[in-house]
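Next come two complexes built around chain A: one with chain B, the other with chain C.
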Partner chain A sequence: MVDLLAKTACDGLAPLNIGTVCLREGPTVPMTTLAPYRGQQAALDAALQAAHGLGFPPIGGSCQSGDARALWFGRDLGLLMGIEPEATLAQYAALTDQSQGWAVMQLEGQGGEEVLARLCPVDLRLSAFGVGAALRTEARHMQASICRIEEDCFQIMVFRSMARTMYHDLKTAMEAWAARG
Partner chain B sequence: MRIHCPLCGARDRREFSYKGAALVRPLAAAESEAWHAYVNLRENPAGPLAELWYHEMGCGSWLQVTRDTVNHTVSEVVLARDAALGAGV
Partner chain C sequence: MRIAGKGQGADAKTVNFTFNGRHLMGRAGETLAAALLANDIHLVARSFKYHRPRGILTAGSEEPNALVTLGAGPVQDPNQRATTQELYEGLEARSQNCWPSVEHDVMAVNNLAAPFLGAGFYYKTFMWPAAFWEKLYEPMIRRAAGLGALSGLADTDRYEKAYGFCDLLVVGAGPAGVMAALTAGRAGADVLLLEEDSCLGGRLLAEEEEIDGKPAQIWLQEAEAELQQLDNVRIMRRTAVTGAYDHGTYGALERVGHHLPRQHSLKGSQRPRECFWRIAAKHCILAAGAIERPVAFRNNDRPGIMMAGAVRAYLNRWGVAPGERVTLFSNNDDAHRTARDLVAAGVHLAAVIDSRHDAPDSDLYPVLKGAQVCNTSGSKRLESITVRSVRGEERIQSDCLAMSGGWNPSLHLTCHLNARPSWRRELLAFVPQVGAVPGMRAVGACNGSFSTHAALREGAAAADAVLAELGLRVTAAAQLPEAEDQPYRIAPLWAVPGKGRAWLDFQNDVTVKDVTQAADENFRSVEHMKRYTTQGMATDQGKNSNVAALAVLADVTGRSIPETGTTTFRPPFVPVAIGAMGAGAADQGFKPQRFVPSHLVAEERGASQLEVGLWYRAAYFPKPGETNWRQACDREIMSVRQSVGVCDVSTLGKIDIQGPDAAKLLDFVYTNTFSTLKQRRVRYGLMLREDGFVMDDGTCARLGDTHYVMTTTTAAAGEVMAHLEFITQVLHPEWDLRFTSVTENWAQFAIAGPKSRLLLNDLLDQPLAPADWPFMACGAVTVGGIQGRLFRISFSGEEAYELALPASYGDSLFRTLLERAEALGGGAYGMEALNVLRIEKGFVTHAEINGTVTAQDLGMQAMMSQTKDFIGKAMAQRPGLVAPDRMQLVGLKPIGAVQELSAGAHLFDPEAPVERIQDQGYVTSVGFSPLLGHMIALGFLKRGASRIGDEIRLVDHMRGIDALCQVVEPVFFDPEGERMRG
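And then the complex of A and B:
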């Protein structure tokens, strides 16, 4: 058996500290999309509560319980992060493993909103995008998922193949924000 | 120009991609004239037009957007699933 080396999506991309903002790769965790079958969303919500202690995320939001987080990930789509879903959920939703398929980054510190404002055409200020809010939007022509996981910490996800581009664009935006002093 | 996605709220035009006029698909057994009209014939109004847009960078929904072709005013947006375009005549 060949011994394969696991590489994370941001392997080789060093964490950045520019001005007051810090960029680093998020923890490597299991990720599974939950696509409820038509009319099964309430049943899936109940099954998630029973199995993992969190519900199916509302539009534009997320749910958290311990290490597990469920993000709203598109129309009739959720992303379960941090735990493997219980097999019983499969009767209510299509479960698809996405682990390692997405680059997960965390942008932390004062000024993160201003950095993201240079990349995304949505209002990510705390007043419009509170803690736990999650949306899909464009980040410099890439399909991204953005979630405010803490008041001063954003989780940014793009397809794994876009990791280096996202890192470069975030770095450029962080430098531009820092240069304003 | 901003489009008010029923799920995501008002979003910039760059998040969407355009397909074309929103037309009711004829039944499979419909006359070839009906299919010819569906495939080839288009109105070109200077005014409101129902169109299909795809929220590619957002929630992934197909939307039926009623847009004024003169001034780009968007008057109505509904999920294409709810727009009864597959009803057939």
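And then the complex of A and C:
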């Protein structure tokens, strides 16, 4: 039997510490999109609660329970991260494995908001985008998912194939932000 | 000349800089203009058209004259205003638009030709012969006229773009802006305070006055300290708002690095030069102040003639006297402050010339009432002025004339959404219209309220109104600080009558005579006058000259100023480097790069990369000894035909579709039927656009009862996804199904060739049972315990499979596949080989599906179901789309010893002349088939299907190719498809 090695999306991209902000790849976890069928959102919400202790995420938000997190991921779409969904959920929603499809990065430290303000045309001030807020937006020319997972920590996701560009753009913004001080 | 003990930066450290190579010293924090004046340098630049000697006119961003070039080589910065450029250690500035030097400029000869160079000169003179314009006249004019020059090298400076959000955007930090920010900030609003200067204060920095019973500077320091304490207030210095746009968005330019030495440190190299901001604000308070306007009189452009307010700024803020024997010329009371401040500072004031007969008297200096300055003299610096009054003309020795024609509110932003300002007769100025920009309130001087008291009052009141709309509690009305509240008294004075040239627009060398001439030649509309004379069309956008120019136009056309109207104010308010607007888009930053899971392996093997949309795909994998790409390509093709080849096809769009109505969607979106497709089987499908033309093709696999995975071409993946969204959101929202892109989740490799099954059986955890894996089968497999998917499909005509594994294993899987393929005599193949393989088989790509072809054109009419409806079905029946003389897909092979065919070539009947109207079709794809030993091509030919066997002439005008070809069926190899089904 062959022995295949897995590489993460950000393989070869070193973690960065620039000024007060650091960038690193997020932990490798299962990711599944949850797309409720017609009229099944409430049932899915209840089934999620029963199975994993979290609900279907509200628009622009996320739900968390232990290591599991459900992000709002677009129109009628959630992304379950951190756990494999129970198979019974499939009666309420199309479940699609996306564990390998996205590069997940975490931008942590004071100034993360300022760094992202160089890339994303959305209001990420704490007052408008609190802990747990999640949205889909543009990061430079890439479509991204941004979630504030802690007060000073953002999770940034782009398509796996664009990991290098996202890393480059974040690095440039971090350097420029640090060079102002 | 520096005045000891005067100025706010008196204790600042000394910095060294050079101007035109001369080593000079200045104070840290002051502007280049202040430092030049302190060093008694008045001749700074040459004018645009006449190359007249020019000095420093203003003390702000409106400066038209004192433009300099900083730096050299790739980082050369032309047209930097000496009045905003802050001094730093080692700054090197030089004059521009002059040769050999600013002191002795050869092109000053233009000044002698001035009588011929008036308004419309170019239009009248360079009309004929027409061919001369591009070759001779334009280059000549460009060389003679102009401002600074670019280096011609790629800019190595970094620039940045950013987005900002706030409840309240305050534009300008003079007394009105600071008061507004304080009021709103104290109540908890999220305030963004933008100031284009390096420090807060606005006009207060230039004046000697008191606020709240203390020097204005102290009040400012206290206010700034309080603002900095407030977490909800962000202060951005050196940031000018450049434009007001829809829905409360504003553009702003932050000068991040212009005031700092170009360090050779890492940090210095990473610091952006400028940052272009896009700010979304719920409310805006415009406190942009006002700009003092010059008076037009003969020779009013000599170095040493400055704005009265600017003279006060240099005196009070930077402790510099711009002259030893100063005179003042004004039509308003405000300018008399300059006289008082100069006398108080011990500068000799020769005379105050006021055009009004009721001008205020003074014990400190002589006031010539009802008098006007009508001429000046001095070559590179002002030497004397001529004053005309009822007593006749007299000359007064003076090396600095401070002039003031009144103040123009800086209302530019209020006009960016197309509102026009209103004329206030008692102010002789335009003021903003209320509601000109939704959500914006103009306060203070930019609203025509010129006293400090009025500025503070309006700033606070506007902030209160904003707070009420934001629903924030207004804190107990803070006592408004006490401040001067002098009335603004002014009498009209735009241009002093008389002979000679009196400048209106200093930057574009437009005089009163030019405006008069424009009106004489019937360019009477202000917009026509502007374009005819070029008034207001330079980098200062006429900040100093607009109102005076239209006042002159009003006068000569016998209309009032409001009747004449203003020209249109457009963004940007200050010049913005293109580098800032395009920040991040230079080099590879223009678009994201998408890399396939096997990218690293391809790089290691020296594969040449091909850009396909955003994707980078390996074109071919060279081997030692191969000297050109064709050798590699031919080898790869033969390895697929003879053993086994491996190619990364992860870029193809993969859309996962699930739900009870999934099959309905597929039947509707494809021309052929998918509801009948068995599980574990794949079918080729064709999609049309609504208009009946082919949109995309690909395969779709049925993984389960209600579970499909659709494959699209790389090029149309996004388009198909949007197409499916449209169908399910708009046309059939009642269908119960969901779909999502899984393109990125899978690394997918084509394994093609007679030995493909051999390779797979050795690799897969379970070998393939032949009965389960006929052509077009699919199913789950495991490789090294990893769950994957296998599809038996072929784009090469060989027995072939596509193996998909989670993307994280892509790198490792590709290495394994190559190792095993090479052991079997095969190897990797790239896009070049893939292309030839599919041309040999007549399989189409977007080279053929180019948006103008129908299913019939492709010979795929049999795939158009007669028994169901599908997108594009009705429109595909239009007469033009089923006409018998349409171009149809054919194959082409050269006759005789033809070496080359080319895509893009056109087809002609061999006997017919090669003329556009004889065009019979065109070539879409070509390749060299090592199997057949010659080039092969696909193309579209009129009635092609009925012309198989005919001869056709292929002509490529661009590449000079002219070849005789035979029309053949569009399949060159294994027409029965036995190899791939085998």
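Everything below uses one rule, namely that the second predicted complex is superposed on the first by the 181 of 181 C-alpha atoms of A that agree within 3 Å, B and C clash if a C-alpha of one lies under 4 Å from a C-alpha of the other, contacts with A are read in each partner's own complex, and residues count from 1 in each chain.
The rule we apply is simple: contacts are C-beta pairs under 8 Å (C-beta built on N, C-alpha and C of every residue); 3 or more make two chains touch, one makes a residue touch a chain.
Fair warning: this is a prediction, and the values are worked out from it, not measured in the lab.
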Using the superposition on chain A described above, determine whether A:Gly60 touches chain B (first), chain C (second), both, or neither. first
| message | For A:Val122 in the superposed arrangement: first (chain B), second (chain C), both or neither? | response | both
A:Ser161 contacts which: chain B (first), chain C (second), both, neither? second
* Asked: Counting only touches as set out at the top, which of chain B and chain C does A:Leu135 meet: first, second, both, neither?
  -> first
Between chain B and chain C, more residues of chain A are touched by C
The intersection of the chain A residues contacting chain B with those contacting chain C is 77, 121-122
Within the complex, chain A is touched by chain B residues 7-9, 11-12, 14-15, 56-61
Seen from chain A, its contact residues with chain C in the complex are 1-9, 11-12, 33, 35-38, 76-77, 93-94, 96-102, 117-118, 120-123, 125, 127-128, 140-142, 159-166, 169, 172-173, 175-176, 178-180
In their shared complex, chain A is touched by residues of chain C numbered 158, 160-165, 190, 256, 267-268, 270-272, 278, 280, 584, 589, 591-596, 600, 615, 656, 658-660, 734, 736-746, 763, 765, 783-786, 805-813, 816
Seen from chain A, its contact residues with chain B in the complex are 59-60, 74-75, 77, 121-122, 135-138, 143
